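Given below, in the form of structure tokens, are the structures.
Look for subunit A in each of the two complexes below; its partner is subunit B in the first and subunit C in the second.
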Partner chain A sequence: MSFEWPWQYNFPPFFTLQPNVDTRQKQLAAWCSLALAYCRHHKLYTLDVMESQESPVFNNKKIERKLSTESIQVVFEELRKKGNLDWLDKNKSRCLVMWRRPEEWGKLIYQWVSKFGMINSVFTLYELTNGDDTEGEEFHGLEEWMLLRSLQALQTEGKAEIISMDDGKGVKFF
Partner chain B sequence: MHRRGVGAGAIAKKKLAEAKYKERGTVLAEDQIVQMSKQIDTFKSHLEEFASKHKQEIRKNSQFRVQFQEMCATIGVDPLASGKGFWSEMLGVGDFYYELGVQIIEVCLALKHRNGGLITLDELHQRVLKGRGKYAQDVSQDDLVRAIKKLKAMGNGFGMIPVGGSYLVQSVPAELNMDHTVVLQLAEKKGYVTVSEIKDNLKWERERSCHVLDHLLKEGLAWLDAQAAGEPQYWLPALFSELSSRDITPEEANQMTP
Partner chain C sequence: MDRFAWTNGLLEMNETLVIQQRGVKLYDGDDKAKLDVGAALLTTHRLIWRDLKNHECCIAVSLSQIIYFEEQAAGIGKSAKIVIHLYPVPSNKEPGPYQHSKFSYIKLSFKEHGQIEFFRRLTEEMTQKRWEKTVPQTVSTATGSQTGKTRAVGIVGIERKIEQKRKETDKNISEAFEDLSQLMVKAKEMVELSRSIANKIKDKQGDITEDETIRFKSYLLSMGIANPVTRETHGSGTHYHMQLANQLGDMLLAPLEGERGGMMALTEVYCLVNRARGMELLSPEDLVNACKMFESMKLPLRLRVFDSGVMVVQLQSHSEEEMIASALDNVTDKGSLTSEEFAKLLGLSVLLSKERLLLAEKMGHLCRDDSVEGLRFYPNLF
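Here is the complex of A and B:
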């Protein structure tokens, strides 16, 4: 399925950080949605700020408008505040994009676990993301760093415990 | 011999009569007024008879409705004037426009987030029709205009700005004066406007032009495009045609503020 661009994407002013505060809020909210949707569609988990500038998301060649580096940073900061982004380096040149927040992934995984009556069972991380049983589930194929964060979120809620096993990590659900 | 019209008394009377006629100018003689009232009453009852006979037509057919309204207007009858009374009870015309008004408000609220409270009559019409579904009564742009006028009269912050042969409907009481309106009309052609265009077309000073554009930005009716070739462009979401064909996303619906 091809990616559906929101109306703002073809609206030239969308690529200029708006001077009016209220309008800017709406604009940034729309940018956050768009960035997350795009990453989700293309299963992107990391973004490089420099590379992003040339990505179709922030650079609409058809209308000859692009978001400046400063503006991209502003959008990323918004995403970070919302819990959808983590910087990988101090210079803020690369980031992790969580188009689904760890808590949300955790919830999905836990739902699957309880649906199949697997509470109190132990899983290896691999089983969760690459096992045959999880084939077709949204979290199938989830990258390990994201999975760990999700399980950590569940852990904080008391719904899981990450355990160390011989050949890696595992998790027990409560 | 008794001579009429002569004498101080008669002259005074004549002067008084003249004065009275002058004072009242075109006022008709009393009996003529009585005549006309009777005629209007007859006309009214004919119209009422007509209305009850053609009640279905008036309800269903928007073209018919326009003509009916115009007939009413010629004798100074406004079917929408009051919630009670013959017209609204007989025809449910009042209800029809009341409900339409509610629909209009709903559409405008839902889109205010995008266009700042300004929408073209075309887009409003499209969306109202969509919201009504296939089997509902037909609604024309004339119907919308009447309903909006009613809303305006009720003090709902509605207004209509004539633009490019149609209207922009304003649903938020943003303060728009003549200067703003004129700039909106200028922007209608391309969906955006620049300072130079305002200066060239309206012969205004730069400061006045910028002042108006700043106000439109402040009211959330316009967005700034700083990457346009030459000079900044001020775009109106309300006039962005691609926007009007897009459905409201669930996220936008969540961000709706009353």
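Here is the complex of A and C:
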């Protein structure tokens, strides 16, 4: 399944940060959803500002337009405000992208657990993301740091507890 | 050395200083003169030597006395010198420091250099012989006890010179303005002519077609306004500006309603108005002030200042919504437009067309694409 670009992607003004406030807000919203959709499609977890300028998301070779690094940072900052992104360094050159926020992931996992009646049982983290049972679930193959964050989110809600086991970490759902 | 005579060191009429060199010692022939180090002054008429400390001690010899002169290069412990050979003592010579001398030449010894330039200027003066053209009327004396004549030196001399200069400038100026006043007379005739034509047109309104009337009026306009409002006729201040605004209103209405599309940059207005006026030009300040009066005088024109500071005169009926709508229509028609393309499309100046596009962008109807190819405007599809 190939990635489907939104209509804005072929609209040259999309690649210039608009000075008009209202227009800019709509533009940034479009950028945010495009960036997240792209990352989800390609299962990308970390992004580099410099590198992403060359990636097809921010660089449309067909219409010869690309988003400047400053504008990319603006988009990323917008994503951070929405809780979909964390900067990895102070210079804001690398970042973690969460196309679903930790709470959303947590919710998905909890739904799966309760669906199969496994509340009160213990799982290893590896089991959750790479086990045969979760095959076909959206969180299958999730990177460990992302999983951990989602479980932490569940833990604060009181729906799970992360426990240390001999060969790594486990989790118990309530 | 006996050719030198005492002098007060002042210059004669027509005599000018050519060069002055400090640190010069005089030699009577090969012997050092019994004088200190001083300054040698070369004028158009004389060679003057003045003592460094005692300025009263000042002697001169006329350049006409010089037969020839030569350079003597510097050596170890010796300054460069200029040797000047002189004619025998003239019989009517004023008294000088030396009564007799066995030498017929003197030497200038340059302790502080400068001999090269001095020699060059001396050569120049000796070939030009400027002293011959205007011989000083009086021969100066140091004592000056017997001189009761008025002399063109000191303050009187300076005053006389200034007066002479003033008269000359006066003459030059009046000559220059003679042409101008003649032009003014002609201009008045031209204005009379255009006025009479205007009246004739009014009288024969029925006889000539409307087309011809318009053409005639446009001729008149390019020739000049028949009776321009000036500060002289209408005083200064508000009243003047109000009258001016009236006139501007009459004048600008036609072009604004016609090909200008309801808006003109103030610079354009300025050029148009002043071309129509011909004489009695408007200052930019007066124009702006007059334009500010449009609103209070209920004229159908308005002065508008864009965010960028660009000022335009536009028709009152020319509404912003219409302007933005037309910009949007045009951009939608073409898909996208640069301000240059838009200007060509509407026959506007690039400056004004850009202002319109920016305005439409500000209202959220357009959005921009700022790339290496330039700034393009697109319909706002966001």
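Annotations
We adopt the following convention: the second predicted complex is superposed on the first by the 174 of 174 C-alpha atoms of A that agree within 3 Å, B and C clash if a C-alpha of one lies under 4 Å from a C-alpha of the other, contacts with A are read in each partner's own complex, and residues count from 1 in each chain.
What we mean here is this: contacts are C-beta pairs under 8 Å (C-beta built on N, C-alpha and C of every residue); 3 or more make two chains touch, one makes a residue touch a chain.
What you see is a predicted model; the values in this text were computed from it and never measured.
The superposed arrangement places subunit B and subunit C in clashing positions on subunit A.
Touch criterion met: A:S33 reaches subunit B, while subunit C stays clear of it.
Within the superposed three-chain model, A:P12 lies in touch with subunit B and with subunit C [touch as defined at top].
Residue contacts after overlaying the shared chain place A:S71 against neither subunit B nor subunit C. By the touch criterion stated above, A:D22 is placed in contact with subunit B and with subunit C alike.
Counting contacts by the rule stated earlier, residues 7, 11-13, 15-16, 18-20, 22-23, 26-27, 64-65 of subunit A appear in both its interface with subunit B and its interface with subunit C.
In the complex of the two chains, the subunit C residues touching subunit A come out as 336, 361-362, 364, 367-371, 376, 378, 380-382. Taken in their complex, subunit A has these residues touching subunit C: 7-8, 11-13, 15-16, 18-20, 22-23, 26-27, 30, 64-65. Across the complex, subunit A meets subunit B through its residues 6-7, 10-16, 18-20, 22-23, 26-27, 29, 33, 64-66.
Subunit B meets subunit A in the complex at residues 113-114, 192, 217-218, 220, 223-228, 233, 235, 237, 240, 242-243, 246, 249, 251, 255.
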